[in-house]
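What follows is a group of structures, each given as structure tokens.
In the two complexes below, subunit A is the common chain; its partner is subunit B in one and subunit C in the other.
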Partner chain A sequence: MIHVKTRSESLSAMQIAVLLANNILGTSILLLPGSLSLAMDTPDGWLSILIGGCLVVGCGYLMLWFSRRFPGMTLFECTELIMGKWIGKAINVILIIYFILLCSYEMRILAEVVNLFLLERTPKSAIIIAMMAVSLYLLFGGLNAITRMLTFILPLTLFVLAICLALSLKVFDINNLRPVLGKGFGPVLKGVKETFQSFLGIEALLILPAYLKQWKNTYHAVWLGVGIPTIVYLLTTVIVIGGLTLDGAKITAWPTISLIRSFEYTGVLVERYDSFLLTVWILQIFTVYILYHFYMVEVLKTILAQSKPTIWIFVSLPVIYILAMLPNHINDVYSLLKYLYWLYYFMLLLPVLLVVVSFCRKDIQYGRTS
Partner chain B sequence: MAVRPSLICKWKLLFSLLIVISLITGCWDSQKIEDLTFAVGVGFDLVTEENSDQSVATASSKLKVTYQNLIPTQTMSSSSSSASTASESYHNITAIGDSVHELTRRVSILTKPISGEHVKVIVIGRKLAEKIELETLLNLFFRDEEFRESCLIFIAREEAARILSSSKIDIPSLLIKSISDNQYRSTKILPTFTLQKAISKLQSNSSFILQTVDVQEGNIIFSGGGIIDGKTHRLTNFFSPNEVQGLAWITGHKEGGLLTIRNQRKETLFIYEIARIKSNMVARVQGEQISFHIRVRSTGRISEDWRNLKTDPKHTKQLVHQSEAQVTAEVKTYLQNTINTMQRYKEDVANFDTTLRIQHPHIWHKVKGDWNRVFSTIPITYDVRIQIEDYGLENMGLSQD
Partner chain C sequence: MNITRMMEWDIWGGAIIVFAGPYGMYLLMQWLKQLKRQSALSYNQAANLHNNQHQTLECSTDDTASIHTDTSDERHLLSISSLLHQKIDYIGNQLGHSSDLTVRYLTLSDHSARNSAILFINGLVDEKMISDFIISPVMQNRDSISSILSQQPEQLLSTLHESYIPICKGEMCPSAEYVVSKLLSGSVALLVDGVTETLVMDVKSSNGRNGEEPISEPLVRGPRIGFVESIEDNISILRIRAVDRNLTIQPYELGARNTTKAALVFIRDLANAELVAEVDRRIQTIDIDDLPESGYLEQLIEDDFLSPFPQMQNTERPDRVIAALLEGRIAILLDGTPFVLLAPVTFSMLLQSPEDYYERWLPSTLIRMLRYLAAFIAMFVPAIYISFVSFHHGMIPTKLAVSMAGTREGVPFPPIVEALMMEISIEILREAGLRLPKPVGQTVGLVGGLVIGQAAVEARIVSPIMVIVVALTAITSFAIPQYGAGMPIRILRFVAMFCAATFGLYGVLLFFIMLYTHIVRLHSFGIPYDSPTAPPQAAGFKDWKDFMIRVPLFLLKRRPRMNHPQDSVRQDPNPKPKG
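This part shows the complex of A and B:
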């Protein structure tokens, strides 16, 4: 029997939706159209995204159901409770590795893009360290501060993104998206896998509901939190493939940026819009990074049974930094991503394991003891 | 574990130091604008024996690059004592070398750092485009994030360097760009072709057509199009301005432009001003046989009339019908001419492949490997319907209102 302290911070359902959307929207805004086109070889990516989105909503429901079985407990606390102290700690260490790897991945991609398009001669280390310092500051503010910041960022992102995409309609050609289902349904299913991976971040639903004040409307939060990214991905993919053609989206490293760079509006206030897109995209990377860093801290708290593992947070920073700087080439980063996806699936399947074990074990009482 | 307050203070101090350090580095890699050279256009040529510069060219040299750089107005006014230098608003820098990137580096020995952010136009010399794959040439531009995907690509009839140095007062690159923006005024100008489009087309191995530019008597003129073959990625043939005009009728989506209607004795009868062209392609497949049908619809007005008309208003309607028939016949000759040329060259530059891909994806997969050859044998039919909306004929069409 583990005694869990009451949490000093709490979230509403709406805030969970916002955090979820922020957690999902990340690198994929720039990468998904390209990776979908490569995987599918047809312009039907938008269908996969729709299907994938619905699938993810289903997953979200299941996760909520899981959280509801163990009210007030995060996934990590559940693991330690159900799997026993040592096995649970081992699993949690795997999760820590997962979160640290994700943090490094986000930082590296951020550094790559900023280096390529914005600050050509600034060393990657400067970009990463600055970003990590800022998010560390926010992290010490606790979940409520993070939530406030993210609630502020999300509408901003959506607004700027919508404008950028609307302007891209200048080069949009519907013929690039046709024929629909020209190669049948097979490629669409292949694309669903790709889409599902770009919803990395959905695992927030295993952690955040522990902070819920009350369960009212939480299921709507899933719809909103998954719906926003789905719509963003859908529009991005449609407009990118419509603007660049399928083959164009396949060969560009950053399709969405290429799209924004392939047109100019002369005579308007601003001629080029790529820096706007990059600005909000960097904000999104920031949100993903800080959330994963936050989860990492949460696992640490559970493992160490401490309320403030300050030292360990500072220890994690150089680890993240070194891991981010380790790959020599961007392709190495992408191959790292493959392992990340395994861990992602592992984390999604973990609740299933826990539920099965908890059915077998009659000796544990779960629930918050306050 | 409780953390001692003094420790927290220390962390806070460290933390603020970190932020301050990263902030004060802010402008370390700034470049002053007066030290920068902005290139607005880039030209590529093949160096042959006769046009190579005396000393610069070595035997192994292949490429010649011409950067067109802006001279900021401030430097202009400062040197305005001599009128001849003041009138020049650009200067060209030329280098010769083996690869594009090496060239850009060689240019950096010659001048201040060149910023490629504002390159609007890439002009490729004819000989070079015939010799090397376009992909190789454009690769640097596409990979280098400095150049935007929105720059426009042109083929020079002769030498790109000559085109970029054609005008003394205007900046040739910007002139080319503004002429191509005029495409709504003429069907003889091809739709603008950006670097992004070119790369996509090259990637999908389909042929496309680039606007050709030429210099005649010191003026830049747009003269037809250069066809880039989808397989070899090289320049193979040219379209005459008339064939380009026919192409506009095939692909449609065009607003503006003129069509001169002549009689048998080549005298101008009237001018049909195109309000818009809409064309619709249908691919038909019967068994193995593919055929295309193009439906062309256009509305427009008679903007200028050279026929000495003395008809009374009752016959206006009849006259309009007659004119419409004449325009239709003229359009059909253009269409047929362009289709014949395309099939003779075995180059599909009018997006027939897209039509087939969309309408019959399965057939397309069978023929796409050998599309240009298949295309050359496909029967293409068309029907044209012209509607003259704006007569100006009520008062006999002799005066424009």
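This part shows the complex of A and C:
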């Protein structure tokens, strides 16, 4: 009944870990300390991140288990197989909308930050169009090219981020993180939700394992792929709250950049380091964008049953662009974000639905035919 | 809903641009690719047509000759006794049937044809000595030799050596294995049918050094020898240095009108068989009237003609070629040029120099890092300078910003124009310096640069810091060890400058993404151009031992994995203690 597609490109477990880490690390590097502090009102954000990280690893294991039940198939192919052609296509269209919204969100945030810190007078449209055109070039290179690029970007990001955070220890004060659990466990649990949303990107584990050649070490890949962002978020939050105080983190729009801007090392060639942070952050936004665009193309391929939906890729560009440009103000973006999170939860719960349905339907055979 | 913008015209304008721009670019690229495919096709067809005509014209003379040689070959093959044939075949197999192994048959007695053979490797031996002192005495005394052969064949070779052949060094070897290694060190082997032993005589050619030190790749430490224009000499240079019997030389005759000899050189049990087959396939498709230089060959078989990066490495240094062969790469030699092509190539290979391995590891590592830094400076520093001056004054230290603004006072042009003027004039000076006669060249270059720089600053056309930036990029671009490798950097520097002038640091970042995307998409004969940066398996990171750093030699136990060599071990990982 089903034919398992032979994919021309393949991934190793290590590459899955790299893609996963790149997919998760995104806007939250700059936003998480602030949003956590707002949501919790205690400096215990790091606890929430630890708990959230463990939770996400658990989720990742479940997703891998799901992928392993349907080896060699992406989530979208599973959907069409299990839910039937038309319901499956409808669900996949929702997923397309989700990915397009995510692309638009990343582009808009990118434009906001670049406009605020790098190019004050350049219009947002130019910033977005330039980035979209550049990433399209990579998208046409295929998954292997994307993976090679992201394998290069991730260590670079971590290295620069580590240096920036280490330098900001100059203004770090451990007393800003006290008292630990001053208001009990309540705020910590509230923060877990916030953290869980910042791990947006974990859904990569529903798509990428289809490209695996060997399942060896894939479960380690989850630890690595989730562990890297967890550590990054943890360190960022601790150092930002330690450096800016809880109230400082609450009131600034971009707390991490404000932290890096708050100190100077005179006598060195460069006195301020926010440009380095911005550089790697833009690279990370680029990686998230390219991955979501790639997923969108994957869904398109499944829906249209075409191997190269070239013209539809180009059609998706203006859609992403218009959606990115529509909100008036950055705060409107944030207020629209909750719909995006609904779709995020929908996508995370979709495998559960699929597994339940596949248990009920006995006529479905899955697995590699060979 | 007031949180979204009204439908404004700029949104729709942008939407049209974001669709039409990339789509137009895509169509252009498709068209260019198709152009190449079509041109290859039509040229082949045209050439075939031409060849057919050619053949019909020369049919009368050609055909008879070829038939003649074919039949004579067959007869000879049949008449060689199986034992002799076996031996020759064994030696040929051991040497991978390389084109430079020469077999010269001799007839010793009247009863059977071709019952003896002389084997040697071209270029390693003195052919005049062979014809004067081996072949001619044997031919002149054929009658007496023939009688010895019929009466006591076992004594024949020693008698020949003692009484007929006036060559001082000679020995009898029983094993064919040993014969092969002697052949590779410049000996000639005399095989006689019915005799198990082989007479091996030393006729090494005495021309020691024939190549000058290559001008394009000078080294402080390393052999002062370069390739020459003759392909035979080049192959013998390689043979002298690389006595590995697996070194295989696969001959080609390219060029429809001016037939030129070419050779594909690789180490048989090292180079990846797929790579060899792919290179062979691409060389076979070449159909051109003339190949004056290996650059032609390179352009005809490269992967991507739109890329600014070279997809094959060219070198004049035999040591570089041998090192590449030992890493599992292949070399292509062409007659008439000292430049040998190496494939596959990655960006990191272009920034390496043979000297990295001759010097101790610590200086080599530091110099390698310096080269990467130089490549970065040469490509990005003018762009970063432009973006700082035009967009991000706040990001540089205040004092520096003030002094930079001070020096720019009175300069009437925007930074990009200023930078373009200086960069273009320095590129012109560089190009002119190449053409000028050698003693004048440097002087004119330096003086021209100084005078133009000084005068331009004093006339307040450019700022002094701009002159510093331009001079820095010019000097760093000379730190790239190969001329061809510096080319993409020189070209792309201008692209980076334009990006910086449009989008500042963001533009530089976009340019970097674009550049790296291109490198990631580019393949050189199946090897990704960025390797070993992002290997698919974690084990691939072991290639980093010889990437930006060069670890001590005793740690480089294995060949680079990125070339997929058949035999990965370079040094025994678990050496046994000797003695």
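Observations
Note that the second predicted complex is superposed on the first by the 364 of 370 C-alpha atoms of A that agree within 3 Å, B and C clash if a C-alpha of one lies under 4 Å from a C-alpha of the other, contacts with A are read in each partner's own complex, and residues count from 1 in each chain.
Here is the rule we go by: a residue touches a chain if its C-beta (ideal position, glycine included) is under 8 Å from a C-beta of that chain, and two chains touch if they have at least 3 such contacts.
Keep in mind that what you see is a predicted model, and the values were worked out from it rather than measured.
On the shared subunit subunit A, the superposed partners subunit B and subunit C overlap sterically. Contact with subunit B, but none with subunit C, is seen for A:K308 once the two complexes are overlaid on the shared chain.
In the superposed model, A:K183 makes contact with subunit B only, not with subunit C.
In the superposed model, A:N175 makes contact with subunit B only, not with subunit C.
In the superposition on chain A, contact is made by A:R272 with both subunit B and subunit C.
In the superposed pair of complexes, A:L116 makes contact with subunit B only, with no contact to subunit C. In the superposed model, A:S258 makes contact with subunit B only, not with subunit C. By the touch criterion defined above, A:T245 reaches subunit B but does not reach subunit C.
When subunit B and subunit C are set side by side, the one touching more residues of subunit A is C. Superposing the two complexes on chain A places one of the subunit C stretches 26-34, 98-106 or 188-196 into subunit B: stretch 26-34.
Residues 119, 122, 126, 129-130, 133-134, 136-137, 272, 310, 314 of subunit A lie at the contact with subunit B in one complex and at the contact with subunit C in the other. Against subunit B, the residues of subunit A that register as touching in their complex are 116-117, 119-122, 126, 129-130, 133-134, 136-137, 171, 175, 178-179, 182-183, 244-248, 250-251, 258, 261-264, 272, 306, 308-310, 314. On the subunit C side of its complex with subunit A, the touching residues are 2-5, 10-19, 21-23, 25-26, 391-392, 395-398, 503-507, 509-510, 513-514, 516-518, 520-521, 528, 530, 533-534, 536-538.
Here subunit B touches subunit A in the complex through residues 1-3, 11, 15, 18-19, 22, 25, 29, 145, 148-150, 194-197, 199-200, 203-204, 354, 357-359, 361, going by the rule given at the top. Residues 11-12, 14-15, 114, 118-119, 122-123, 125-138, 140-141, 145, 147-149, 151-152, 266, 269-272, 274-275, 278-279, 282-283, 286, 310, 314-315, 317-318, 321-322, 325-329, 332, 335-336 of subunit A are the ones touching subunit C in the complex.
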